[in-house]
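Next up: some structures, all given as structure tokens.
Across the two complexes that follow, chain A remains constant while its partner is chain B and subsequently chain C.
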Partner chain A sequence: MAPTRKRRRSPIGLAFIAPFGALFALVFIVPILYAAYLSLFQDKLVGGNTFVGFANYVKLVQDPQFWDGVGRVFWFTLVQVPIMLVLAMALALALDSMRLHGARFLRVTIFLPYAVPAIVSTLMWGFLLGVKYGLFGSLNRALGTDLDPFAPGTTLISIGVMVTWAFTGFNMLIFYAALKAVPRELYEAAAIDGAGEFQIVRSIKLPALRGSLVVTIIFSIIGTFQMFNEPQILPSMVANSGVTTFYTPNLYAYNLAFTGSQQGYAAALALVMAAITIAVAYAVQIRGLRNAPDQ
Partner chain B sequence: MHPTSSRRLSTVENPRKSTTLTVMTGLFTLYCLLPLGWLVINATKSQGDFVSTFGLAPGREFALWDNIVQVFTYQDGIFSRWLLNTVLYVVVGATVSTFLAALGGYALAKLDFRGKRTFLLVVLGSISVPGIALAIPQFLLFAHLGMTNTPWAVLIPSFINPFGLYLMWVFTAEAVPSGLLEAAKIDGAGEFRTFLQIALPLLAPAGVTVLLFSFVSIWNNYFLPLIMLKDPAWYPLTVGINQWNKLGSTAGNGALIQNLVITSALLTIVPLIIAFLGLQRYWQSGLSLGAVKG
Partner chain C sequence: MRLSHKLRLLSAALAPMLALTACSGGGSGSGSGGSSTGGGAEQAKITVWSWDGTVEKAVAGFQAANPNITVEVVNAGSSQDEYKALDNAIQAGSGVPDLVMFEYFAVPYFAVPGKLADLGELGVDKLKQDFVPAAWSDVTVNGKVYAVPSDYGPSAMFYNMSTLKKAGIEKPPATWDEYYEAAKKIRALGDDYYIAQDTGDIFFLLSLIWQAGGRPFKVDGTKVHIDFTDPGTTRAVAFWQKMLDEGLINTKITGWSDDWNRTLNDGTLATQTMGGWLTSTLPERAPKAAGDFRVALMPQWEQGAKTGAANGGSSFGIPAAAQHKEAAFKFLEYFAHGGGLSTRVDAGAFVPNMSVLENETFQGKANPYFGGQKVGAVLAEASEIVGSGWQYPPFFEWARSIYGDLASPFYTTGQGSLAEVLEQWRQRCIQYGNEQGFEVS
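== the complex of A and B ==
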């Protein structure tokens, strides 16, 4: 796996890695250890910060608000990620087919939303789908309808529309890059053997996308499990959107730590979410590799 | 088109263009462009027109310039301060993180040292740790160290880019010939000079990719500065804009500055779009490399 050749060992390598290593420890390792330590304490009204052992974890496992958020991001992932990745794959195949007019323009345009900060994207979609000042409001008034994309029952779908908008292009580009790496002689050979376009897609192009599919699934899962920006920003734009303070686990952790000042509990939540995410990511990776053809 | 010529043109290398496929893909680009188009149109409206005219139609007066002036003068011109903060975070953060990734990636690909496997395992494993799960412990630690509410709280976490390190490692292994490094060392160059003068120029394509994606992730970062900074004077654009957004919607004085929110949002994305369009040749090739190996 490691593209390295056996070479003489020298301490100079350590010197090269030291700056990254030291900062990595400060930014990743120490915070995680510190969180693990903090998660064993509770800020009590009487007695201040008290050691409570695993009480925070026990409380978390029984906390319906936590599971409400976990369930929401699970469902969201289950629906949004496949839609987004199938779209991204279809778009990458369309671009790679070289049958599009203006392919360069289309490729760049589809990628463009990735460059837009989540705060700006939420603002734009908030105004587009909003009924007070938004485009949907204008349409409702013009048509005499009463549709509200940010009603509590549909807010999650609207967030799905925003997230799909922001990340389809990025995933499309990863698939596209993988397709570009396929030697083109392979297509020539297949065509000479009488393979049609759909056969080439099915037996050459789709298998070539397998590795990138595993990577994009993992990144998407990590992304949706930590969903925060959209539900945090939306309530300041839309009244009665049904977004609660525990809408997603990360929003809950944020509110616990910064408005409820339950830092030990928030630390426990962050660690449990990290563990769940890593477990799911590894499960996907192992499944993805088990069915892979020989490299 | 003449039938025979069209048949000759339509090869695997150069197939016939399909209008149906173009239209289908074009429909998706409409979805991509609609919000951006909305943003551009509404940045040209006055607050009054924004509230009263149809979202996708131009306003009665063309107020883009007025809006820009207002964005830069509102609240004693704090927008310029946010812009400068963002530039500081992005320039320092992206440069340092790219250099550290190159240094580390080079060491992983070309130098041998004790603990390399462990280092790789831990760093690559960290890619799957969600950023926000990490940000809360980071905040607690930085608060403990007295670094919150200073630029360091935003800068230091941005210095570490594990995915950039991975990309640099793969790229160095592919694009930097070991023989060339040996030759430089035989000529008496030290390890660090060999890295700077021989390897670094060869790493430029991957460097641009890592730099650009660091640039975007720092420019767009909202959560980390939101929790790390209390003083608006240190806010980056993202946190600042949302503060204006909230200001406009709090009960009572609401809806007064939506034109500023929209115009500042437009001003925030323009530099990124220019960077992506201008550098697309470089980052797309760098990204393909990551995709092939990934």
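== the complex of A and C ==
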């Protein structure tokens, strides 16, 4: 629906967004500016704080540990996000088909993992996938296999399972809401025209999900690029899972700042990561919304 | 620079935990007007950051004797979490506590950049002769004392007697050679049986090196020398390499995990060579093994020798930015040396004070979890034989955090060697230390 009336601009609107604006500046703009300021300094244990210009950025670009983490979240995003979103979409379509018994119960149970804090869910999955006494241990004993979900080569897959479990419900809810917004008359009209269930899905429902798909992709990209809790907690549960102090960029920034007292370097890392994330998310948005109807 | 100062204050106020302590810090400023003369008849309120529950027990007795000083004990997190909070508070310039708990290895990290007060100025030297010398040397940095030892972790061997008996071992291994032989017998009991577990525990490896006479870190002011090739270090590393190579150590179970608890409970993990503090946590971790465990001195490198090492333990220091240094020191003296000590010992603290360690009641107390063994006597002896002259580099907190990154590939694949891991570690430490303004070689 294109805007037909011209809106009059009125200063009263500013008063309404002022509280938001103030908070936004305080918790968002100011910290970013402060990080940018910090990133130009190096605070040494001996010798104190010195201005180093862009040295932290130069060092970061040449830091293999940083790129190791970036590469890891990049591949993770490429594999995990499509799996999770296809799953979420299938569930949303199933719920929307109104052919399921106990749809309300299912909706809540699928969403529920999202309400579990990441720390709790990591602990839970750690026990579940544990080789010694967990579910995998029992499976291994029963089948005579030697599978270890937390070996260095498979830890990332296990984290993918945890993340998918936690966030599928959230994304499903977004898709479900979008489907609910489709006028029911459209289905009726399609049915009268002789469209089958699958044709309705393909021609009406999936196009209706396009906008939300862009949103969920962007949320997911931001989410994975910020991955922190899972790799932070896993090492205390399982031995030698391959999780390093620089496993993800966020974890690396945290360790640099708080165990290495390299706040300036960590700030530079955070800003570069923010720039990368924004660039990727923006690219997705532009591509995703090109030729999209009603946007 | 004014603006940056304000921003720093702001960022501190945004951290909720700091905001809390900042409030209490602000309140205490009113009494003495921010000067450091908290003693005397003036009213002072001091804030103590501690994760040691026994410290809180000494507060009532202290306040009865010093009605003008109010003590507030805050748990600002354990270990790393607390250090982070302290670093933040110091950087923000507000909410700095008056007394802070530090593991021994963290003392130089705060002392070298001048973040801790020199306790010599407050009269700490008169306490020295009552403390275990090795513990006192842990809190001494470049000849100055920056903290007072408050609990101690002399390395000792905790062993499961029934597992040892099952393997046909009558006496706990007294030397590392005997330990090696015992390890093979225990391994023969079955797939899950091991004499010990290790997934790259740097504190254990260092205690082994320490006991063997290795002194890999030499710190002199801001000069740090790191060398993992001295004879003591080489000997300890080669021994542990042999244990790992021959599959005598469980490298799948990580310490403090749920799996670890289970192996301690069911007796498949026969020994743990750790700090004496395990005495208080083992009963919680392995309640099913009650009565099975005993404590002995660390196995020795030479038959008949008596040398030990430490693994962990902590102390309390006063931040340079603290408001009430004298009042803080008064309380520190009370709970770490004076009247509060007995309250803490009764509450389970293991302290490096000679007056306690040599006390007959302390040494004679039977511990029911350890089958009635007089654990205090063993740990007192372990404390007194700790090898002297050990030093941690000032950036050990960082160094230990990355040790796992380097050791993990070796522990998972078995390729490479501990010596190679230590060499990589040395290289990284040299690079980092130099970046941080030290002269590291």
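Just so we're on the same page, the second predicted complex is superposed on the first by the 270 of 295 C-alpha atoms of A that agree within 3 Å, B and C clash if a C-alpha of one lies under 4 Å from a C-alpha of the other, contacts with A are read in each partner's own complex, and residues count from 1 in each chain.
Convention: a contact is a pair of C-beta atoms (placed from the backbone, for glycine too) under 8 Å apart; a residue touches a chain by one contact, two chains touch by 3 or more.
Keep in mind that this is a model prediction, so the values were computed, not measured.
By the document's definition of touching, neither partner reaches A:Met84: not chain B, not chain C. In the superposition on chain A, contact of A:Ala253 is made with chain B only, not with chain C.
In the superposition on chain A, A:Asn240 makes contact with chain C only, while chain B stays out of contact range.
Of the two partner chains placed by the overlay, only chain B lies in contact with A:Ser138; chain C stays clear of it.
When the two complexes are overlaid on their common chain A, residue A:Arg99 makes contact with chain B while staying clear of chain C. In the superposed pair of complexes, A:Ala118 makes contact with chain B only, with no contact to chain C. Applying the stated contact rule after C-alpha superposition, one finds that A:Pro31 touches each of chain B and chain C. Of the two partners chain B and chain C, more chain A residues are in touch with B. Of the two partner chains placed around the shared chain by superposition, chain B is the only one that A:Phe20 touches, whereas chain C remains out of contact. Residue overlap on chain A between the chain B contacts of one complex and the chain C contacts of the other covers 27, 30-31, 34, 127, 133, 236-237, 258. Chain C meets chain A in the complex at residues 4, 7, 10-11, 14, 80, 84, 87, 109, 112-113, 199-200, 222, 251-254, 256-259, 262, 394-395, 397-398, 401-402, 404-405, 408-409, 411-412, 432, 435-438.
Against chain C, in their complex, chain A makes its touches with residues 27, 30-31, 34, 37, 44-48, 127, 130-133, 151-152, 235-240, 242, 244-246, 255, 258-261. Residues 2-14, 16-17, 19-21, 23-24, 26-32, 34-35, 38, 87, 91, 94-95, 97-102, 106, 108-121, 123-125, 127-128, 133-135, 138, 165, 168-169, 173-175, 177-178, 180-181, 184, 187-188, 191, 211-212, 215, 218, 222, 225-226, 228-229, 233, 236-237, 250, 253-254, 257-258, 263, 266-267, 270-271, 273-274, 277-278, 281-282 of chain A touch chain B in their complex. Listed in rising order, the residues of chain B touching chain A in the complex are 12-19, 21-22, 24-26, 28-29, 31-36, 38-39, 42, 50-51, 54-56, 100-101, 103-104, 106-117, 119-120, 122-123, 125-126, 128-134, 136-141, 144, 156-157, 159-160, 162, 165, 169-170, 173-174, 178, 191, 195, 216, 219-220, 222-223, 227, 237-239, 241-242, 245-246, 249, 255, 258, 261-262, 265, 268-269, 272-273, 275-277, 280, 284, 287-288, 290-292, 294.
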